[in-house]
Amino acid sequence: MDIATIIGLVAAFGLIIGSILTGGSLTSFLDVPSMMIVVGGTFGVGLISFPMARVLSAMKVAINVFRYEVPDISEQNTQIIEFADTARKEGILSLEGSLSSIEDDFMKRGVQLLVDGIEPEKIEDLMYDELEGMETRHGTGAQIFETFASSAPALGLVGTLIGLVNMLQNMEDPSAIGPAMAVALLTTFYGALLANVVFTPVAGKLRIRHQEELQAKALVVKGLMGIARGENPRILAQQLEVELPPSQRSDNG
Amino acid sequence: MDIATIIGLVAAFGLIIGSILTGGSLTSFLDVPSMMIVVGGTFGVGLISFPMARVLSAMKVAINVFRYEVPDISEQNTQIIEFADTARKEGILSLEGSLSSIEDDFMKRGVQLLVDGIEPEKIEDLMYDELEGMETRHGTGAQIFETFASSAPALGLVGTLIGLVNMLQNMEDPSAIGPAMAVALLTTFYGALLANVVFTPVAGKLRIRHQEELQAKALVVKGLMGIARGENPRILAQQLEVELPPSQRSDNG
Amino acid sequence: MDIATIIGLVAAFGLIIGSILTGGSLTSFLDVPSMMIVVGGTFGVGLISFPMARVLSAMKVAINVFRYEVPDISEQNTQIIEFADTARKEGILSLEGSLSSIEDDFMKRGVQLLVDGIEPEKIEDLMYDELEGMETRHGTGAQIFETFASSAPALGLVGTLIGLVNMLQNMEDPSAIGPAMAVALLTTFYGALLANVVFTPVAGKLRIRHQEELQAKALVVKGLMGIARGENPRILAQQLEVELPPSQRSDNG
Amino acid sequence: MDIATIIGLVAAFGLIIGSILTGGSLTSFLDVPSMMIVVGGTFGVGLISFPMARVLSAMKVAINVFRYEVPDISEQNTQIIEFADTARKEGILSLEGSLSSIEDDFMKRGVQLLVDGIEPEKIEDLMYDELEGMETRHGTGAQIFETFASSAPALGLVGTLIGLVNMLQNMEDPSAIGPAMAVALLTTFYGALLANVVFTPVAGKLRIRHQEELQAKALVVKGLMGIARGENPRILAQQLEVELPPSQRSDNG
Amino acid sequence: MDIATIIGLVAAFGLIIGSILTGGSLTSFLDVPSMMIVVGGTFGVGLISFPMARVLSAMKVAINVFRYEVPDISEQNTQIIEFADTARKEGILSLEGSLSSIEDDFMKRGVQLLVDGIEPEKIEDLMYDELEGMETRHGTGAQIFETFASSAPALGLVGTLIGLVNMLQNMEDPSAIGPAMAVALLTTFYGALLANVVFTPVAGKLRIRHQEELQAKALVVKGLMGIARGENPRILAQQLEVELPPSQRSDNG
């Protein structure tokens, strides 16, 4: 569970609603047609820009922004070092027995390839190709939210222009000008809000989550290659930990 | 047929028209001279920026945004694996008989080169050079729409400035100011609409389609090189599938 | 002669002038001091940004946007294949006789190096270094127009601010405010027009022309290296044509 | 202690406060709800965009902008050259005695690896991997401030739109319009101020500090590799100093 | 002496002053507090963004924009070819006598290394590392002016917002609104002027000068490596000249 996202959203929206209530009422800021043009239009632009399957999967991916667990790299490293130990003592084939205990599919496929006796270079190529495919697929999520983030203010502008043109065509009643202009500005308000408080930061967090995942998986490849080379488990442990912050390393001596 | 593009366009334009009708009439938003300066000017800028042949071909390419079939990579992979099987059992020359059954020109040329006995490295170079040429040519489509997307709002601004200057020169009749300003804003409205709801998303989808096509073709090169090396078809299948999402892979064991 | 550029310019300026005439008179849009600040200022910024020799040569290069002939790659390829044929049958030295028939200086220097018996690797290095020098020199043309394109609206803004400040200092006569503001907006109008309808698209076409030229020259290097290696002319022809669109290739079998 | 940062902040804020006092009073520019929406909202967006641990560590890192000591590269070089001397005369193992005198943890770990007899290529890989991890971790600090810098004006705009809509809904009292609009503009003012005078320049300095640190550490790797190769200390000194400005080099002959 | 920079500055400022005088008086455009907030604030932001030493050295570097001599590459090449000739006939050691005649420090250090008998690969590494250090140091000059260029309009906006808020708080006297707004706009005017007519173009010229210098120095490395390899001076001349425009090459046959 990623509490930061929730705290961030609650804080930002809370402050904005508070600011609205300080100077007026919330109802002046709710206008269903304005919302529809910004939200619906942004979603429509998303469908023109991306294949439908990707837009739908981005929605699913976005939920991960809330329920997410940071990959536990030290646990993953411990498991790899154990495999390296076993493989050194009893041979790589002996890892077959541990296959069922591996939860992560990516690592499982890699160990399976090791056990199958495929040459290490080919395993490395296969695993990096799989990572690359993952990078393209998962990266689209952030990309779609970035597209939403640039479309929302544009549709806000379109909505405001519609409101302004309508207002300018009917200026007989001066007292109606202010409220009409207020409504015209609402789409710009929605666009700025959605883009800057929802879409851009969600895209940012998706991108970071995605990087963390790829880094963890790259360590799996590094570890399995070390096992295939028959690397000394102590040195392999250093190689796997060296990118972590010093505080998270197990060997401090 | 790419339904997402059509749904997206219908949804976005539907919501915009709905929003116009809520506050006024559609006729206030139709102004032929304003349309001409934005649409015609954008097209003119396209012709100054790009050679004519490319602008015309971009128009043709844009239609592909609507009628498009995702390349079926698993079918393509199946065919390559079959070739690998045949080549392993009966020799690469035996692929000559299958040449007529290959629909994709790119793959056909590659298999022809294999059958001709050209060295694999040269085949790889030739095929990658062909891909590169394809990348340049097809990429121009998206590039032209991106140019349109940045020109349209600029011409919208030019049009609005013309309207404003004309209006400011004739301010005797105060009641005419509002409608004159409304008309002046229409070019900005058209520019924002075309750029954000048509040109930018169409460029986005062209770019994605183009990437999918190049990825499919790169797999063909990878496959034919595997055949040339006499790669084990089972391993080759893994190499070709590893970039696909797990759900689309044939081997799950 | 590049007709697209001329059609584009005529169309864009025609539509803009038409739009001006629809709502007012052309004379309201002509203001010599405003033009001087935008055009002269932009040119001044160009001189601060770039060495004088480059600014002047960019002016010359810009004319190429109008009178330009696409390099005829198939003709160039035919000549290279002929040379490959001759070199294979009669030796590379026999190319000396053809030197005088080569029009393109770059190719001529390359063939001269071949005939001089310089090692192929050195020839390749020399030719690529020459291409790199060309890339830097010719690329500046587009770069200068891009600088113009970003300076013109900035000077337009500066001009409009001058007009606004002057207007705001003298607001005794309300009837003078409109026309004064109209004049103030003219520099923004000129800046937007020059940047978006002239400088940016001219920079775009210069860049594309430049790329086409470099690609044609890179094929010359590829071809001469093939000759130096004694490559089979039929295969060399394929290597040279493979980046062209299928319709322009000579071998379709 | 980095005095430039403090002088810069004092100068910029001093001039801004001076400018406020010239034309009005400071109290017109203090509005707690406006500050809360900009500052709180920006921080909220930071929490949605980044994992909480990183946002908190960025706060700590930002303090380094004030208390910072430029890494003393010539002192570091002197130490490395001494080690090279000792290693050449008494063998690499003799460096064990100097381990306790090394203050920098990164260099200490490197020398430890040398003394442990790990192969130089592995040491180089380990140290570069550690540098890469450091690059990712420390780079986030600047990245978060850049995110703040782009969020603050966006939240300023949102706040101003809220103020404008509220004002436009209540235009009965003309004398209240001016002050209401003044308050509405304050969030834009805060956003512009924070983004341009605090967040962007702090991000800039963090990035430069970070680069200087990485360059110093890369010299450590270069030096230790020279020691492992048994490089002549005089030449090693030149290799370490060559990137410094001539004035900071010890050998001028 | 770089006349283009001076002509450009005189032309741009001349036209701007002319434009001011056409519609008003220069005194309306001079406001010391407005200047201080833009100029002082921009400098303050520079100090927060960069270490003080770099900001001060950027000031010195900026003067080079005016007094600059294009590196005379053909003279430099002539000297290198002479050295190649001497080295070929009398051995590399014989270059020791020419050391005192070399004006450029970079070339001098390179020839010294050659004479010292250091291996060519190490000399190449040393010289490229020195070039890299130079690139980082000298590149900061342009970077600081680019930072100034983006800060100046931002501080202009901050100043204008201060003026607007002050004006909106005191709207009792309608005749004071115009002049107050005029003054408020002056900071935007200064910011736009400094950014677009001074900082951005100066950064541009610094960057180009810097590139020319690096290219000249890279030719020195290329030349000394040719001497170390004992390259034929005629071929070396070609290698050094090939990146120059054809008109500046000595060998046209």
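So that you can tell them apart, the chains are marked A, B, C, D and E in the order they are listed, and the count of residues begins at 1 in each.
What we mean here is this: a contact is a pair of C-beta atoms (placed from the backbone, for glycine too) under 8 Å apart; a residue touches a chain by one contact, two chains touch by 3 or more.
Heads up on the chains, UniProt names are A, B, C, D, E = Motility protein A.
Small disclaimer: the values here were computed from a predicted structure and weren't measured.
Undergrad: Just to be sure I understand the contacts, which chains border both chain E and chain A?
TA: D
Undergrad: Determine the set of chains touching chain C that also touch chain E.
TA: Touching chain C and chain E alike: no chains returned.
Undergrad: Distance-wise, how many Å sit between the C-alpha centres of chain B and chain E, to the nearest whole number?
TA: 41
Undergrad: If you average the CA atoms of chain A and of chain B, how many Å lie between those two points?
TA: Whole-Å distance between the two chain centres: 25.
Undergrad: Once the touching pairs are worked out, the chains link into a ring; list them from chain B, going toward chain C first.
TA: Ring order, starting at chain B and heading to chain C first: B, C, E, D, A.
Undergrad: Which positions of chain B touch chain A when the two form their complex?
TA: That would be residues 2-5, 7-12, 15-16, 18-20, 22-24, 28-29, 70, 175, 178-179, 181-182, 185-186, 188-189, 192-193, 195-198, 200-202, 204-205, 208, 235, 238-239, 242-246 of chain B.
Undergrad: So in the complex, which bits of chain B are touching chain C?
TA: Spelled out, the residues of chain B in touch with chain C are 33-34, 36-37, 40-41, 43-52, 55, 105, 118, 122, 125-126, 129-130, 132-133, 136-137, 147, 151, 154-155, 157-159, 161-166, 168-171, 180.
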